[in-house]
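Chain IDs A, B and C follow the sequence of writing; residue 1 opens each chain.
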Amino acid sequence: MPERISTADVAHVARLARLELSSEELERFTEQLAAVLDHAADIAALDTAGVEETAHPLPLVNVLRDDVPRPSLDRDEVLSQAPQAEDGRFRVPRILGEAP
Amino acid sequence: MSPLPDGWEMVIGLEVHTELRTQTKLFCGCVNNFGSEPNTNVCPVCLGLPGSLPVLNRQAVEFAMRIGAALHCTIQASRFHRKNYFYPDMPKDYQISQYDIPINADGWLELPDGQRAGIVRAHIEEDTGKTTHVGGGGRIHEADHSLVDYNRAGVPLVEIVGAPDLRSAEQARSYVDELRAILVATGASDGKMEEGSLRVDANVSVRPAGSGEFGTRCEIKNMNSLRSLGRAIDYEAARQVVLLGDGEKVSQETRHWDEAEGRTHSMRSKEEAYDYRYFAEPDLVPLDPSPEWRAAVIAALPVLPAERRTRVASAAGMPADSDAVVTVVRLDLDPFVTAALSAGADGELAVKRLSNEVAAGLGSGHPLDPGAFVDLLRLETSGALTTAQARTVLKTLLAEGGDPATIARDRGFEALGAGELSSVVDQVIAENPAEWERFAAGEDKLQGVFMGKIKAATGGNADLKAAGALLRERRLH
Amino acid sequence: MSAAEIAADVAAGRRSALEVVEESLARIAGAEADVHAFNLVTAEVAREQAAAVDAVVAAGGHPGPLAGVPVALKDNLCTRGIPTTCSSRILAGWLPPYDATVVGRLRAAGAVAVGKTNLDEFAMGSSTEHSAWGPTRNPHDLDRVPGGSSGGSAAAVAAGFVPLALGSDTGGSIRQPAALCGVVGVKPTYGVVSRYGLIAFASSLDQIGPFATSVADAALLFDVLAGPDPLDSTCLGDPPPSASARLGAGVEGLRIGVVEELAGADGIAPDVRARLDDAIEALVKAGAVVDSASVPAAVYGLSAYYLIAPAEASSNLARYDGVRYGVRRDGVDIGAMYNATRSEGFGAEVKRRIMLGTYALSAGYFDAYYGQAQRVRTLILRDFAAAYADFDVLISPTAPGTAFALGAKTADPLTMYLNDICTIPSNLAGHPALSVPFGTGDDGLPVGVQVLAPALGETVMFQVAAALEAAAPPAPVSLPRAAFDGGVR
């Protein structure tokens, strides 16, 4: 049974999720998340040995499509929704490093 | 010569990503095309627009299975997973990939030197968009801002993870070469490192020679050619040995190869491994190719490079790992060997000429005609042309095309018939009885005298080998 | 008027679609300021669509089974060129370049879309109070919530603005507001209605479904929405079950199970239980065999759901990063931009769930939380399967109580989550379920009864729902409609 969620945990997941929290929010969210996880502790106690996960309620397998082109979107329509565009591309502030 | 001091060995495992030659992207119908105007091959799915959903491309699965089969992997039922992280070239800020249950697992490939390199897995995943950094010389750390093009986002990839079975930069290059040839043979990939359809990352570690343990490894990225790959591996292995020799530890990290400076730079520490929070992709259903489909893929596999080398080797009576055989297959010249054999010409000679003169002269101007090649082999084998003359004719064929016999005649290489040569030899013997008696008695060095006289008598058109053979034959009687 | 009647009149040329839509727009104009069902009323587009339908009729063509029927669309459904915000600041003003599949099907059926309805932000909530654009109010009592997350759609139908609306249901987001607003709300079998164009909350749970004032109208809309879609890998390829096939067949001889774990749960208000008992009585009278049923693992549904749904949501909502669309808050570098954009763009409930979900998936916790929850899902499926060996359908209350006051449950997230105890198990199992109005609580506010069926069991589910509807006590007319007096049922 995992330990109770701490503010350090919440700060960590906030970073992973790219959310900036004030210290007040950090405290409040920690309390609220802890309450939800405490409630969810009832399933932690369940014996599920040998039980498979249901990632999907459907019995579907092998849904495939043919390798045939379909029309793409009009670039102007796409870029019209971009917060910032330049040279037919999406502009973003400087990226500091490579992908993780 | 090893770049490492005595007592050390390097251990290398390569991760190769290849783009698949499908018409459309992995999960949508946008065209899979290199070089289009930015953001013109995009749709809600590959842009990751709210509400969009992926649908798997059947041809991508076919190609992935071909690759697995060609690498002797087990093709198995598999799932897709989400790999979650933020980066601007990622439209959904997660990549759909395969995690613990990949479509292909546990295979191997045979290097030209005969050694087997293990393949851990080969799985399907989607490619990311492309980012260009603006300002600061285009390098990421000095840029002012960046621009993103999503044409490449969603292009199908297969990632091939090799076991840490390689022990030198040369072997690593050989592995990539062989893998590329296999991928191209399956039709799944066009294998172009320069265009980015084939990308290689290297996991490099070192250890005391003979040790069974693995040292800490670093992942090296940004090698854009085989040459870079070799240089980077040698540099990195040497760097690690120096560190360890100084009593320091190698940090497990990702390092970036700088081609201009000839060194690797640390990018990020892999010690605190990024938490990708993999979970099964709920927008896709499991993939379980039917036994019939798998069997069809295996049955339809083309002849792969290793098998081609075996065939050429047996045609030539040479070892499969010899340079000549490897070269012939690498340059796709084996059809010429086949043509030679079918025509009853000399296989060994064919391989010799192909791996030397033809290899050197490829692209000189004229595609070599198999029929002409075979005719030339015959002329040389029968002694009608000397080796030197045959080489010259071959060069001409490669440059201009044409017919060997005609070329020979035009150059005055009067094919000296076997009967003619025989008469000349007899004549020279008759004209030099004293020397002949001494040669016949065992003074071998007199052969040169006779050769000179035969050469003079034939105006240089004699096949000296054949002449020498005739002299020795006469001596026996 | 019912949707079916409107469609028949318009197709026959007895009424024009334009006339029908003007009436709808007038009703909206009259009471929308009080109810706030809509984020956006698309009057001009609606008139254009109506005119197009009339043109088809005039040319002697077939305008479709929903000819001229005004429909409201939950604002998490993509509508090309029309702002689609999910009631979130982060998508303020976003214009999708494409239509959701269901939106196209509605148009092809001749329906007329009159606007985008309010929801809890990104469909996360049970009251529509978590909308960035302000709450929707229950038309039966403007100081109360309409339920959520599809509160706007439920209210639009309850207020008489439109006869039909679309919502989405991940943990009860159609059924619970339907119950609180006194209308019919349906969640299809997972995979029967395409999710292409539905802005995702929890991908393995989300389904789009109808709101209507009658079971027959809901069935009509359901049959238009359902069916294969090559753009959605999780959409079943076979022809869907028919909602309408056995609407009038009655319940004689059907075996109906009352799910004890839900009906007898701690939080169920006595008056809600009493209405369920009334419903049971009515079913018995109509010839059904009603007995106690057990789905033991259902009690773990809430816990499993509040791990699975946020986990999938945390990944689905990662794309809102200010790069390609939506709102951006600039930063000195991209990391700062991501943080600022997401922190300002998302409301508190969304942030809570993203963090909860990220935690449940994170290294070291995955197996205990997300993995375990997915195993519990299997247990729930097994228990349902066992129950359906003995019963054709199951019933339970839909919501634990009647509509609560605005602000009553927002202080503590867990309190709000408890609204979903009866609805969640069907989402986890992928089974269809619906809510049909059945009487009122002690406070005179609507109460709904939930009918649950096995996967692809829509035909018998609607069959039982129709019987319940026929036996239900007269429903309260909601305030705005009473004010109209044009409020035709």
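FYI, contacts are C-beta pairs under 8 Å (C-beta built on N, C-alpha and C of every residue); 3 or more make two chains touch, one makes a residue touch a chain.
Everything numeric in this text was worked out from a predicted model, so none of it was measured.
Chemist: Let me spell it out: compute each chain's centre from its C-alpha atoms, then which one is farthest from subunit A's centre?
Modeler: Relative to subunit A, the chain with the farthest C-alpha centre is B.
Chemist: In terms of Cα-based centroids, which chain occupies the most central position?
Modeler: If we average C-alpha coordinates per chain, A lands closest to the whole-structure average.
Chemist: Express in whole angstrom the distance between the two chain centres, defined as the mean CA positions of subunit B and subunit C.
Modeler: 58
Chemist: With chain centres taken as the means of their Cα atoms, state the distance from subunit A to subunit C in Å.
Modeler: 23
Chemist: Distance from the CA centroid of subunit A to that of subunit B, rounded to the nearest Å?
Modeler: 41
Chemist: Which parts of subunit B, given as residue numbers and ranges, touch two or more other chains?
Modeler: 44, 47, 55-56, 86, 88, 146, 148, 275, 277, 279, 282, 284-285
Chemist: Quick one: which residues in subunit A touch 2 or more of the other chains?
Modeler: Residues 16, 18, 55-56, 58, 60, 63, 65, 73, 78, 90, 92-96 of subunit A touch two or more partner chains.
Chemist: What parts of subunit C, by residue number, touch at least two of the other chains?
Modeler: 94, 97-98, 204, 230, 233-234, 314, 318, 321, 323-325, 334, 338, 358, 362
Chemist: Applying the document's contact rule, which stretches of subunit B touch subunit A when the two form their complex?
Modeler: Checking each residue of subunit B against subunit A gives 22-24, 28-31, 37-44, 47, 55-61, 79, 85-90, 128, 131-133, 140-141, 143-150, 221, 254, 256, 267-268, 274-277, 279-280, 282, 284-289.
Chemist: For the complex, which residues does subunit A have touching subunit C?
Modeler: 1-2, 5, 9-10, 12-14, 16-21, 29, 32-33, 35-37, 39-44, 46, 48, 51-58, 60, 63, 65, 73-74, 77-78, 80-84, 90, 92-96
Chemist: Can you tell me which positions in subunit C touch subunit B when the two form their complex?
Modeler: Interface residues on the subunit C side: 77-78, 84, 86, 91, 94, 96-98, 100, 195-200, 202-204, 230-234, 311-312, 314-315, 318-319, 321, 323-325, 334, 338, 358, 361-363, 366, 370.
Chemist: With touch defined as at the start, can you tell me which subunit A residues reach subunit B in the complex?
Modeler: 16, 18, 55-56, 58, 60-73, 75, 78-79, 86-100
Chemist: If you look only at subunit B, which of its residues touch subunit C in the complex?
Modeler: 44, 47-56, 82, 84, 86, 88, 91-94, 146, 148, 275, 277, 279, 282-285
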